[in-house]
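You will see chain A twice below: alongside chain B first, and alongside chain C after that.
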Partner chain A sequence: MLARTRAIAKKEFKQLWRDKRMLFVLIFFPTFLLAMFGYAVNFDVRNIQLAIYDSDKSDVSRDFISNLSNSTYFEFVEYLNNDDDVRRALNDKDAQVVMVIPEDFSEKLFRGEETAKIQFLVDGVDGNTANIISNYVNAATLAYNSKLQKDFFAQMGITREPPVLLEPLFWFNPNLETTKFLIPGLIVMILIVTAVVAVSISLVREKERGTIEQINVSSLSTAELLIGKSLPYILLALVDALFILVLGYILFDVTIEGSILLFFAATLVFILAATSQGIFLSVVADSQQVAFTVAILTTLLPSLMLSGFIFPIESMPGIIQVVTNITPAKFFVNILRAIMLRGVGIEAIWTQLVYMSIFILLFLGFASVIHKKKLSAA
Partner chain B sequence: MKTILTIVRKEFLQLKRDPKMFGIILIAPILQLIILGYAANFDVEVVHTAIYDQDKTVTSREYIDNFKSVSYFHLDYDVNSYKEVVDLIDKGKVILGVVIPKDFEKKITRKETVRVQAVFDGSDGNSATISAGYVGGVTATFSQNILLEQKDKSGMQLKIGTIAPETRVWYNPELKTRVFMVPGIVGLLLMLITVILTSLAIVKEKEIGTLEQLMVTPIKSKQLIVGKLIPFAILSFVSEIIILTAMRVVFDIEVRGSYAFLFFSTFVYILSTLGLGMFVSTVSKTQQQAFMLAMFVVMLPMIYLSGFAFPIENMPKLLQYITYLIPLRYFMVIIRGIILKGIGFVDLWQELLAMLTIGLGILYLSSLRFQKRLK
Partner chain C sequence: MFSIEVNDLTKKFGNFTAVDNISFKVKKGEIFGFLGANGAGKSTTIRMLCGLLDPTSGDALVGGYSVKKQPELVKHNIGYMSQRFSLYDDLSVGENIDFFGGVYGLESSKLAERKKWVLDIANLKGKENILTGSLPGGIKQRLALGTAVVHQPEIVFLDEPTSGVDPISRRNFWDLINWLSEQGTTVLVTTHYLEEAEFCNNIILINAGKLIAEGTPKDLKTNYLTNAILEVECDNVVDALEILEQQSFVDETSIFGNKIHLIVNDNYNTTDQINKSLAEKNISVKTIDKIIPTLEDVFIHLLEKDK
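What follows is the complex of A and B.
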């Protein structure tokens, strides 16, 4: 059994070796893409273009304005003088946010115990950025409010801090760099797409060329064939993972807080899951085109959007939360974030490992059943 | 012209013979649009929280009640040690732990400042940032109310109000991620289908060996490429109509601009993605190579460098220049502009022109590349 598996693996290796262009693409492209996209995945919004329409023109409104435009988040663009200007600034994308201070702002504020409203008009075409801008604006106003109060109390001769102060601590990623938590997701996506597509095509190719018939009439069992065929790709994916890791460390300072051994063990399980998915597709599909199409449609966007990589799963509708389980990427994103950022051990991630193993069993089980059916039908 | 028509007919016959492919191309995108459209949501609506209340007094409970009144916070765990907080965060059960110190009430009545710790799981930085905003809001309100109460008791006149920010989001007033993400998904799906279809167009014939037969016929390379493209263009257009209809029906996304212009610009976009697929097909030697190129050089960059999820302004300059080569970058601006802002040709002609240039340019390159190989 072992000898025959090895023979198949050797043959597959030789085939890969002969197509140098392909080998090069499979080894270096994932790494190269990580390097490139690592710079692209970034949610931090800086230098928000801020325009201001101040109809109050009081000391306090000016103080608030200077407070806001001095922060690193905002970049003051221009003063506006009427409503038409405001509309134009947003329509022409001159400003991402316009602050409108009403005429009675300072009057209301100092009359006491009233809320003085300030309007912020945010360009909502890129909703995520708009969301982040609203957050900044709220935080800035909160901070200014407590400063105002402090000043006021100081004037009355009472110096006191606010009664309750919040001390936010961001564990595992103290500076909240988005790149740090997005890179694990990027690794997962690149690995799953590469593995599923490469494996499914390599198997279907034999079918399309007719060489599978020769293999079928040989004494090779299905298991030997599948293991032998996918072994080279599994190794290749592990090499990719290693490269990606090294590069991630060099370029983006992404380190593994937990155990490296656990990282590779988990990666192996994930790659096995992805490979099983590839094998399953290759059994179902009859042509490389169909295999590729299904592989792309089931890995590319799902691993991006359903894995929790960029969209929080907890906030999705219930049914969609259930649907997210169709991709092993979801579990691997959890695992990578846990090992790489939180540095936790197996006790915190074993459930995720079990889920990924279920994928392997399911995909391989279905694949062998369908394969047998097809064989007996032929 | 007649030659082209013959090729078109041949391609259609071939497509008909592969019903699996046909079904996948027409049905899978709708399924994906629906699932992904609902999944695409940046808003953090659920914050799993653990509370470690060391004080256990009326005041601390009042503070906790303030969290309960915000629907985002799910106070799942009431723990009794710091270790439990650490454990819950490590295991990913909660992303926020609020630690209230023992002297919470005492310090407040003594008019001292008490520090409350909010521990976030920063490994999902986006959710952490957004929930930090929520916690800050709750705490500031609580703090303010205490001040006001104490002031009332002392009989002092507080002559200062608070500033309330009133945020209005233009073009997308409910700030639904869906409204601007779904058009992006439409762009991605159309790209996937067109590239999958065309990336094989030439290389498949090459691999099967039928390309040689075609080469000995008097068909010109341009005719072959155009003939191959027409069926794919028609199929993509059908798929475009289906996807855009699904967007309208399923997600109830209102198109403020003109439908005609939306279809027209989508067609120009498809032309550029068809061109990219065709180019991949002419440079590849085997189908396998074509797939890998299509995936690594076309599909993944389209996702990451188009501004679909990650803002282009945040990228390093060099990467920003590369994004100019990505047709989806322009299409994203166009489709969001038409749907959300209701703008049209006058405001979007530059993007349209850029897409058209890329499309025609890449198609020209493919036919050039193809000719070279014929000789």
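What follows is the complex of A and C.
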């Protein structure tokens, strides 16, 4: 049993080693994806282009402006002089935000009978960014208000600190960096795509070239064949995982808070689930092209859309939330975020491990049923 | 002493009967030819005999094991080589032998000995590091046969092993098959080439899943075709064929290159009958010879009859 499995694995290693193109893809693809997603997919909104139309032109209005444009979130682009300028700045995308300070701003502020108003015109095409911008501006205004009030009380000789101060503290990802949050999902996506594609193609290739016939007439058992054939790719996927971790650390400072051993143990379970999916596909598909296309479609899309990698599952409609269970990627994203960001142990993730194991059984079960059906019909 | 005993073997795919109640026996150490047109059921039968496909009914004993009940034991005792010479083109010659030896569970000392043997019969001594994909077809075919019997099986199945190989390589390959058979290996071979069938000890012919003839090549030529066969050489072969088909003394016609083979019946007396019927259409006859039927004549005759 062991000798025969080794013979298969050895042969597969040699073939993979000789197939430099495939090897290159399997190793380069993860690096490429990591760099691309790591740098490109970023939900942090910074350097918001700010244009200002200040009709008041007073000390106070300048104070308010400098307060805002000094923050790292905003980048001052230009002063505008009339309404047409304002329209042009937004239309031509010269600015994302235009702040309009009316003539009576300082006057109203000093009299204190009426609230002084400032108009903020935000480019609302990208709703998400517009929302974030509006939040920043609100927060900045609130801070400015409380500063003014403090100054006011101080002039009257009263030390009056703001009554309530909210101090949010973000655990696990203190600076709310999206890359920290994305990297675990990225590892999941890269691993599932490489594992499923590599395993299904290597099996279908034997079918396409007819070499599987020769193996079938030998007394090699299905288990020996599958283990032998998957072993090199399982090892390669683990190497890929290590590779991404090191690269994630170098490029994005991502570290594992929890146990590295647990990380690799969970990764192994996930790779087994992905391998099973690859085996299942290889039973269904009869050509490498079909296998490749189906593998990409059934791994890339679900792991991108349904795993919670980018879009939070909690905010999906109920029925879609149920659909997210079709990919083992969902469970592995949970596991990796738990291990890498929260640093929790096995007690917090074992249910997710069980779910992933169910995928292994399901895929292998379906694969063997369909395989038997195809054999008796061939 | 039989290596293979097939009893009422039948395989149905839905309503389609691919193999219909076939029975035959193969003696140990003989070369057994398995002939039939494409889609006649040859491959299906071989797949059942290799334990790859479960028969719908009937059974076969291969090397003493039932293909229905003990397919795994059957697989242990056979070698198989298909027309696609299932070798890995991206592995070297030596690696291919190592791989199949490993798959058959050979120990390393045994494997080293068999590897030498395979390299020897494939004329690849000292070339074991060459990539298999770069070998010429004839050599690749010998290597494929060598790896198919690397575990020294008692029986070897060859499914159209010589298709797409040049005539000289084919002849060399048959020498190898003969040699294997002399060493006591039973060889069951399917082929399209009827001249190859002449090398077999016994032959069966199947058509539409049914066995329609069996025996030695000599038996087939004498027992199944009792009428005389004439070879006619003349002008305008196609027109001549049409005319001769209409004659009452002719049973069957077929074209062999620029000649026509006629199977004649009791109404035929002299060559004049042929000359006369063709002369009416201004076709001149060069020669008319009575010939010993080839296997091809016999098979065309049998397949015509089976229609």
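By our rule, the second predicted complex is superposed on the first by the 329 of 378 C-alpha atoms of A that agree within 3 Å, B and C clash if a C-alpha of one lies under 4 Å from a C-alpha of the other, contacts with A are read in each partner's own complex, and residues count from 1 in each chain.
Simple rule for what comes next: a residue touches a chain if its C-beta (ideal position, glycine included) is under 8 Å from a C-beta of that chain, and two chains touch if they have at least 3 such contacts.
These figures come from a predicted structure and were not determined experimentally.
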item	value
Side-by-side fit of chain B and chain C on chain A, or clash	fit
Partner chain in contact with A:E213 - chain B first, chain C second, else both or neither	second
Touching partner for A:D19 - first (chain B), second (chain C), both, neither	both
First, second, both or neither for A:L2, with chain B first and chain C second	neither
Chain A residues touched by each partner, larger count belonging to chain B or chain C	B
Chain B versus chain C as contact partner of A:P168, first or second or both or neither	first
Contacts of A:V323 with chain B and chain C, given as first, second, both or neither	first
Contacts of A:L261 with chain B and chain C, given as first, second, both or neither	neither
Partner chain in contact with A:L375 - chain B first, chain C second, else both or neither	second
Smallest separation of CA atoms, chain C relative to chain B, angstrom	11
Footprint overlap on chain A, where chain B in one structure and chain C in the other make contact	19
Touching residues (chain side chain B, partner chain A) in the complex	18, 20-21, 24-25, 28, 32, 35-36, 38-46, 48, 63, 89-92, 107-108, 111-130, 132-133, 135-137, 139-140, 142-144, 146-147, 150, 156-173, 175-177, 179-181, 185, 188-189, 192, 196, 200, 204, 285-289, 291-293, 295-296, 299-301, 303-305, 307, 309-311, 314-316, 319, 336-337, 340-341
Residues on chain A engaged by chain C in the complex (per definition of touch)	3-4, 6-8, 10-11, 14-15, 18-19, 209-220, 375-378
Contact footprint of chain A on chain C as seen in their complex	13, 47, 50-54, 72, 75-76, 78, 80-82, 84, 86-91, 95, 98-105, 148
Chain B-facing residues of chain A, complex	19, 21-22, 25-26, 29-30, 33, 36-37, 39-46, 64, 90-91, 108-132, 134-135, 137-139, 141-142, 144-146, 148-149, 152, 156, 160-174, 176-178, 180-182, 190, 193, 197-198, 201-202, 205, 285-290, 292-294, 296-297, 300-302, 304-306, 308, 310-312, 314-317, 319-320, 323-324, 334, 337-338, 341-342, 344, 348
